[in-house]
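Structure record follows, encoded as structure tokens.
All chains are identified by letter, namely A, B, C, D, E and F, in their written order; residue positions are counted from 1 within each chain.
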Amino acid sequence: MAGAMKGRIVCFGEMLLRLSSPAGQLLLQTPQLDTCIGGAEANVAVSLARFGQPAAMASTLPDNALGWGARDQLRMHGVAVDGLRFEPGRMGLYFLTPGAVMRPSEIVYDRAGSAFALADPAAYDWAELLDGAAWLHVSGVSPAVGEQAAQAVLDAMTAARACGVQVSYDGNYRASLWAARGSDGAGVLRTLLAQADLAFAGPRDIALLLGEPGLAQQGCAEEAIAACFAAFPQLQRLAATQRAQDSVDQHTLSATLHTRQGALQAGSYAMHGIVDRIGGGDAFAAGMLHGLHSGWSDSEALEFALAAAVAKHSIAGDFNLASVAQVEAVRGGRLDVQR
Amino acid sequence: MAGAMKGRIVCFGEMLLRLSSPAGQLLLQTPQLDTCIGGAEANVAVSLARFGQPAAMASTLPDNALGWGARDQLRMHGVAVDGLRFEPGRMGLYFLTPGAVMRPSEIVYDRAGSAFALADPAAYDWAELLDGAAWLHVSGVSPAVGEQAAQAVLDAMTAARACGVQVSYDGNYRASLWAARGSDGAGVLRTLLAQADLAFAGPRDIALLLGEPGLAQQGCAEEAIAACFAAFPQLQRLAATQRAQDSVDQHTLSATLHTRQGALQAGSYAMHGIVDRIGGGDAFAAGMLHGLHSGWSDSEALEFALAAAVAKHSIAGDFNLASVAQVEAVRGGRLDVQR
Amino acid sequence: MAGAMKGRIVCFGEMLLRLSSPAGQLLLQTPQLDTCIGGAEANVAVSLARFGQPAAMASTLPDNALGWGARDQLRMHGVAVDGLRFEPGRMGLYFLTPGAVMRPSEIVYDRAGSAFALADPAAYDWAELLDGAAWLHVSGVSPAVGEQAAQAVLDAMTAARACGVQVSYDGNYRASLWAARGSDGAGVLRTLLAQADLAFAGPRDIALLLGEPGLAQQGCAEEAIAACFAAFPQLQRLAATQRAQDSVDQHTLSATLHTRQGALQAGSYAMHGIVDRIGGGDAFAAGMLHGLHSGWSDSEALEFALAAAVAKHSIAGDFNLASVAQVEAVRGGRLDVQR
Amino acid sequence: MAGAMKGRIVCFGEMLLRLSSPAGQLLLQTPQLDTCIGGAEANVAVSLARFGQPAAMASTLPDNALGWGARDQLRMHGVAVDGLRFEPGRMGLYFLTPGAVMRPSEIVYDRAGSAFALADPAAYDWAELLDGAAWLHVSGVSPAVGEQAAQAVLDAMTAARACGVQVSYDGNYRASLWAARGSDGAGVLRTLLAQADLAFAGPRDIALLLGEPGLAQQGCAEEAIAACFAAFPQLQRLAATQRAQDSVDQHTLSATLHTRQGALQAGSYAMHGIVDRIGGGDAFAAGMLHGLHSGWSDSEALEFALAAAVAKHSIAGDFNLASVAQVEAVRGGRLDVQR
Amino acid sequence: MAGAMKGRIVCFGEMLLRLSSPAGQLLLQTPQLDTCIGGAEANVAVSLARFGQPAAMASTLPDNALGWGARDQLRMHGVAVDGLRFEPGRMGLYFLTPGAVMRPSEIVYDRAGSAFALADPAAYDWAELLDGAAWLHVSGVSPAVGEQAAQAVLDAMTAARACGVQVSYDGNYRASLWAARGSDGAGVLRTLLAQADLAFAGPRDIALLLGEPGLAQQGCAEEAIAACFAAFPQLQRLAATQRAQDSVDQHTLSATLHTRQGALQAGSYAMHGIVDRIGGGDAFAAGMLHGLHSGWSDSEALEFALAAAVAKHSIAGDFNLASVAQVEAVRGGRLDVQR
Amino acid sequence: MAGAMKGRIVCFGEMLLRLSSPAGQLLLQTPQLDTCIGGAEANVAVSLARFGQPAAMASTLPDNALGWGARDQLRMHGVAVDGLRFEPGRMGLYFLTPGAVMRPSEIVYDRAGSAFALADPAAYDWAELLDGAAWLHVSGVSPAVGEQAAQAVLDAMTAARACGVQVSYDGNYRASLWAARGSDGAGVLRTLLAQADLAFAGPRDIALLLGEPGLAQQGCAEEAIAACFAAFPQLQRLAATQRAQDSVDQHTLSATLHTRQGALQAGSYAMHGIVDRIGGGDAFAAGMLHGLHSGWSDSEALEFALAAAVAKHSIAGDFNLASVAQVEAVRGGRLDVQR
């Protein structure tokens, strides 16, 4: 691990409380909800910490039992929480009806007006938050939450660039959130992607950002990627998963990593009996960051990242709690009971 | 929806309390039972109400906490309960051991002597119960429960015919119940089917009713259907699902609708990870009635009905709680998380 | 059942308390553990008792609430418990993280220093324990637990041989337990297998025992079996399951039975949505003993044993609680709800 | 029941989803929340319906799965839901940490910006909503939620007065909600109380409304009541419970009813092992309305109302689900198992 | 334990499946029921077995999964089950809504037409069933179930008398069952009590049986007991508990034992936080039989029996699962954690 | 808080996994165990962290999923975990049967041979572990676990003394553990207490240590305390709780603090409906350390500590998760719902 980096990986974004009905039940079909803490960027932070990386979270949480509980979940998994701010306000929530067979999962967002969305961007001290950081990881969910959050994420990326911290950016396009804001977000998201060294985005994201719908079409993936590298000179790596769904709990997952030098394709996994698909993309991002931060080759990082994403599908909740050893077991195809 | 009908859809039959062991466990393996309310006709009523139709239930329930609870479940889902009668007696029960892998689900019926089975047929005021109704829906389970119930269902159908209410009839053959009565029920069931405008029955049901076992053989489906239309001049539509089972939780489901004009075949669905197969046929019947009552074409109604049946397999309990939007999502093959 | 034997089937080995996290969760992810009693030999005893056989268990348990609870579980299922000894000490435990999708199940053993492992071999009165027995069933787990247990199992087998009780032996190789003892166990296990009339072992077990690694290679199965019969003249039957795993909850299972006269192959089963894979091999052994003890043909016994193993995969816990009727339903491919 | 009234009892106010941690646990101590639907006025409506009264609910709910679920709970218990409006927006929530021993229960409100709070007062058609009503029941929670809701409740009361519908008003003072609005609400609440025929309020409420803090002091209860009747000439009855708390689950409850003619005091109940104290006051209000609507004497109504409040403490959730017979059992002191 | 008797204690009566809603919830308030096996006489058998006595059960159970499950529960606790008969039919059930605070528990019986109630009395071979027995224990519930069962219990008692087996009889008066039979049962119960050496009955039972209502009045207890000994010359001991209830979960329990020589009174226990009151009387009966069967003095037996009854109140389900050591801890007033 | 100290409070001792049956159930009565992490010293650390103190834990844990889970629980609550060592071995466990009514809770320890018990005392680097510490907290449980642990705790105390870290010592006498070691531990415990500035011990502990049984007698408390101060010149404060038990879930708790200057007595609390009594003493110790570390007066510290102990009784699990605000609410007698 000669090439391993030393600094922290700082994740910035909103944390959410998920409230989901039990498997096979619609929301409120029975009077019980399972809860977990999540959020695209927190998911990455937790997975990195479980891989042994020095992960840290920056966010604004409500100063109440829900916000404290969110902090506690990060701490439990070993994520540094000194970058959390607590303000009066409410916790962002989402209600999940888990799907089954051919009935898709459904999310009712209830995150408007959250402490994170309303937080003053000037309240974040990026010099301090990024002190000692090797990477900053953000996502396209934050700007979708509101203008304050959009500004904050841009400030963070700018500060990172300024002090030599590498920037990782996950597109995570949320059409319903942007619709609620009366915009498709392309302009803002383009500004953000322009700051990234590493981006997680597929042809559809690229097509949207560049305003070229044709790039989203079947067969134009390579063209879209080339256009993306052309449009964003800062960008060094572009990673994405490809998912095919036979039913709600049976998918096939593969992944690609493009650099300016070429393309890598990881072998695909046929997943049966999926437990929880949410956070799969975040697990992939964390796996990639783990590999890069460990100084692994692109190919090693990609294979690990895909196996990490697969492992996530076997674990309830937003977080990928799998250890490196568990990801390696997936990658090694060791399926029988480990005694 | 120019052709949509206005009247209520009245469902008549026994309501049951289901008591089932948790998934993967035999009955009483652990000291807990999950309960739900069901019954072939109530399942249809609830699904119709969830689709926004004016559904009503007619039945006799025990005048105790179990009967009241059954009524409350109907009310919860928007089914009109003014047609329920409460009498001293017991609630019909069934104990379910859910199957898994290659071990089939098992039902222990405990419905003998229920308030419904013992109810005096003369106690139902069909003129009032069917007032303002567009459809009456009944099934072949009721006559299997006992002579009183058989008479009641025949009275209901006769009254419906007399006042221009269309009659829907689901065969729902229950061999074990008929065996307990010392008959195969063919005679009674033939009388009932003769009253139906719409029937849910497959070649095996037809073969039994017509006393022509040969019609149940592989390859004789079309012949059986022709014989059925010939034997029952009142009958306009004959619908059925076709189910192939790879394992207890992996089936393929398709459906057909025959009229005197011709045959329609809906595309099939491969279902993985089935949550609850019980009530799938009732969900199909409700879907068909929803389509017909909405003035849809036969083809539209059939496709919707099959998707409704598929949606049911993803929901725990007897009732298909899926909304029209959820059925449409199944039909549209939208499998990924709906945010 | 003219050829059915009358005597008891005595199973000897350690009983364990399994503590497992809920499905889809890692150990301690939530603060709840599901418990069950198990152990390779107890699993066989319980399955035999559920099949109606006169099964008895011999073991040493701690004289506390856990040991008493283990006894109670045996009693519940109809296993005779007069062969249980209670000593001060601790219960053997194992913590299970159930796998899912591509993440394998993981076991943390916590059985060192158990009352069984430390029990004085001389404390077992084999003449009394085997009185009236037709079969003794033991496994290769016991010697892996420690020298005292290894001696006890050898004593049992020797006593059985001496008084005409047939001996059934399941290899059940546990590499991690042997590793903890600083040996591969081949010598001890060879001694045990030499006492067996019926053995459950595959090419890998044989290769290890005979010190011929080549026999474990793909395509050498027949050679391995021949070598085994050659090395162990007492041995009459050699049975094994063959398992192929597509994912953690989707396996294909088949089985073979070799005698000195020839080989039998049972048809394979594709299992989807596996509930609990642990104890599948023990269910197979119980099925085989049930068939042989019932005087069935080898072929009948093998087919029943394989269906029993398949049935086990649909039931939570270590024990195969399936009845003969439920195993026959699996064998008959009757997948739909049994009403 | 010669004096029983015929009309509906219409309750108007916000419905809330309660999310509570399990007994003996702090919020998010374990990842599960129990849910129920509540809200001061909905609690009254449900209790009245369970007593057999024609209760109806008027409110605005979010047009999503949470709002639909709230409606379904009302329907389940027999409350008429034709007065519910569905608008885009969010559901009002509250998170409950149930107390124990000496640790009090804690509520985190998350109801700001709910569909109810933001609903346009002009959208309610009070002439239609109150058509056929005998009583309107509202509470002081609604104006605390925001100006729109305050206007709506005033409109409702004014409309009721105008068309001869009697008005019931429960003070239900919520200091934290008013504090968030930067007011103590006394002015608004005085306007509301001025419309009421029947009010539920104690000396502290009266003191606040009249701006005379001295009336809240020990020993000034009678003086406060006299002042209240003097200030509000419309008011005919003033009811209140008196609660003494030994510990979180051990209270003594009594109740008074004052009219312009005099005072009634109901006998007190010592309650041990309280299950759920929330909604106790609403259960009292419902009991009083049940008695008055049934034409009972004030004394009968008061005794029933107190027993209803006591019964509520034995039932989980916001709603008092007790039947008249169950309330009578409490009143009759029949404590042993009713077989 | 010089005086300890050797023979079995045979209990005869109906076994029931209890289905109860969770604590603090009404029946079907949530879709889950907790189950346990019970029945007055089975409760005695299980408690005796847990005390180490050779207890056996005689009964008729339905030959289905529920009946087998009932048998398994007896076996688990060490009760001999060779006296169980399995017949086609249904299991007797009862639905329990557990009470709280001042709301009493409610039972909905659903035991009419059970396999036990319909069993032919001639089918029991009492000579065999009582072979080697020291005691027969029956109760007044059986005759309340129907004429067949009444005959069976009388046959059992007669047979016991004939072969020198002592007879224990628990009055267990169930007014609702007798009401359903259109009788108060006094005549039948008198016949039964006439066969008893040991009876569990209080003044109210005695008053009913003797047709002297005055004996049930406050202050006539001694008179009632004297009348009972006078009326039933066979009777040697008359035991009863006295229960005072402050609330549903707070009772005071004491007990008396009368012989022809005099009266014994056991000290009373104030019980707070009662978990499950059902089966308390059966636990008392089992405690008394344990003491007498162990050759203890009447005083010792009575004190133990009362402590056993108290212990039962701390354990969920019908059965008193407490060990002798746990009963002794209650008796010794050792309340703190036993480490 | 002028007098507040800055340094960490380092707690050293064994961490345990508690496995307990659900309330009202005996161990293994149903197949589920609730788990939590505990241990006398870890309980203190967690409570301190929840109070906002810089708490740190030093211990040895097994290097497996159980040990990692124990670490994660500490982290979750904000305890520093850099002082944890991970070694091969097993986790200390204890099985808890929670008591009820008059049946006491029972603990089955399964902690022999744990990684902590077997850890080499020389492996702890006390200079580093105590660097920056203000207090070291240990207890008398550690030496009871074995000689290695006894040496380690003595080393820790000696090192603390040497570098000016104050020492807190909780007697926590465990008779069963000492009995298993064949000693009453008085000698070892005396050595430890000699190192303490602050001790938690009552007359019985003192009597044992000083070998003067008379001091444990009723009425000799003051004499015992005087003897203790005389025997241990280093000791400055001696604190203890006094508990009276009416039933398993109803206790009265008070507390005393003795210094060389005099005695303080905190007011007592009558606790009804106790949720979980375990860890009450540790919560008291944490409360006292919080007060002293905050520079409060002895009187303030004692009152807070007692209220903290009371708060613990309302929270499931070993840890007192109450915040300072929640403890203050207890102290303030604010019992009603905090909205």
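Just so it is clear, a residue touches a chain if its C-beta (ideal position, glycine included) is under 8 Å from a C-beta of that chain, and two chains touch if they have at least 3 such contacts.
Not measured: the values here are computed from a predicted model.
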Return the chains common to the contact lists of chain C and chain D. A, B, E, F
Furthest chain, CA centroid comparison against chain A: E
Averaging only over C-alpha atoms, locate the centres of chain C and chain E and give their separation in whole Å. 41
Centre distance in Å when chain B and chain F are each reduced to the mean of their C-alpha atoms: 62
So which bits of chain C are touching at least two other chains? 26, 31, 72, 106, 272-273, 317
If each protein chain is taken as a node and each touching pair as an edge, is the resulting graph a line, ring, star, complete or other? complete
Listed in rising order, chain E residues that touch chain A in their complex are 30-31
Taking the complex as given, what residues does chain C use to touch chain F? 19, 26-28, 31-36, 64-66, 69, 72, 90-91, 93, 95, 97, 106, 108, 110, 112-113, 317
What does chain A use to touch chain C in their complex? 269-276, 310-311, 313-317, 321-322, 326, 329-330, 333-339
Chain B - residues contacting chain C, complex: 23-26, 29, 99-107, 109, 174-176, 243, 245-250, 272-273, 277-278
In the complex, the residues of chain C that touch chain E are 72-73, 75-78
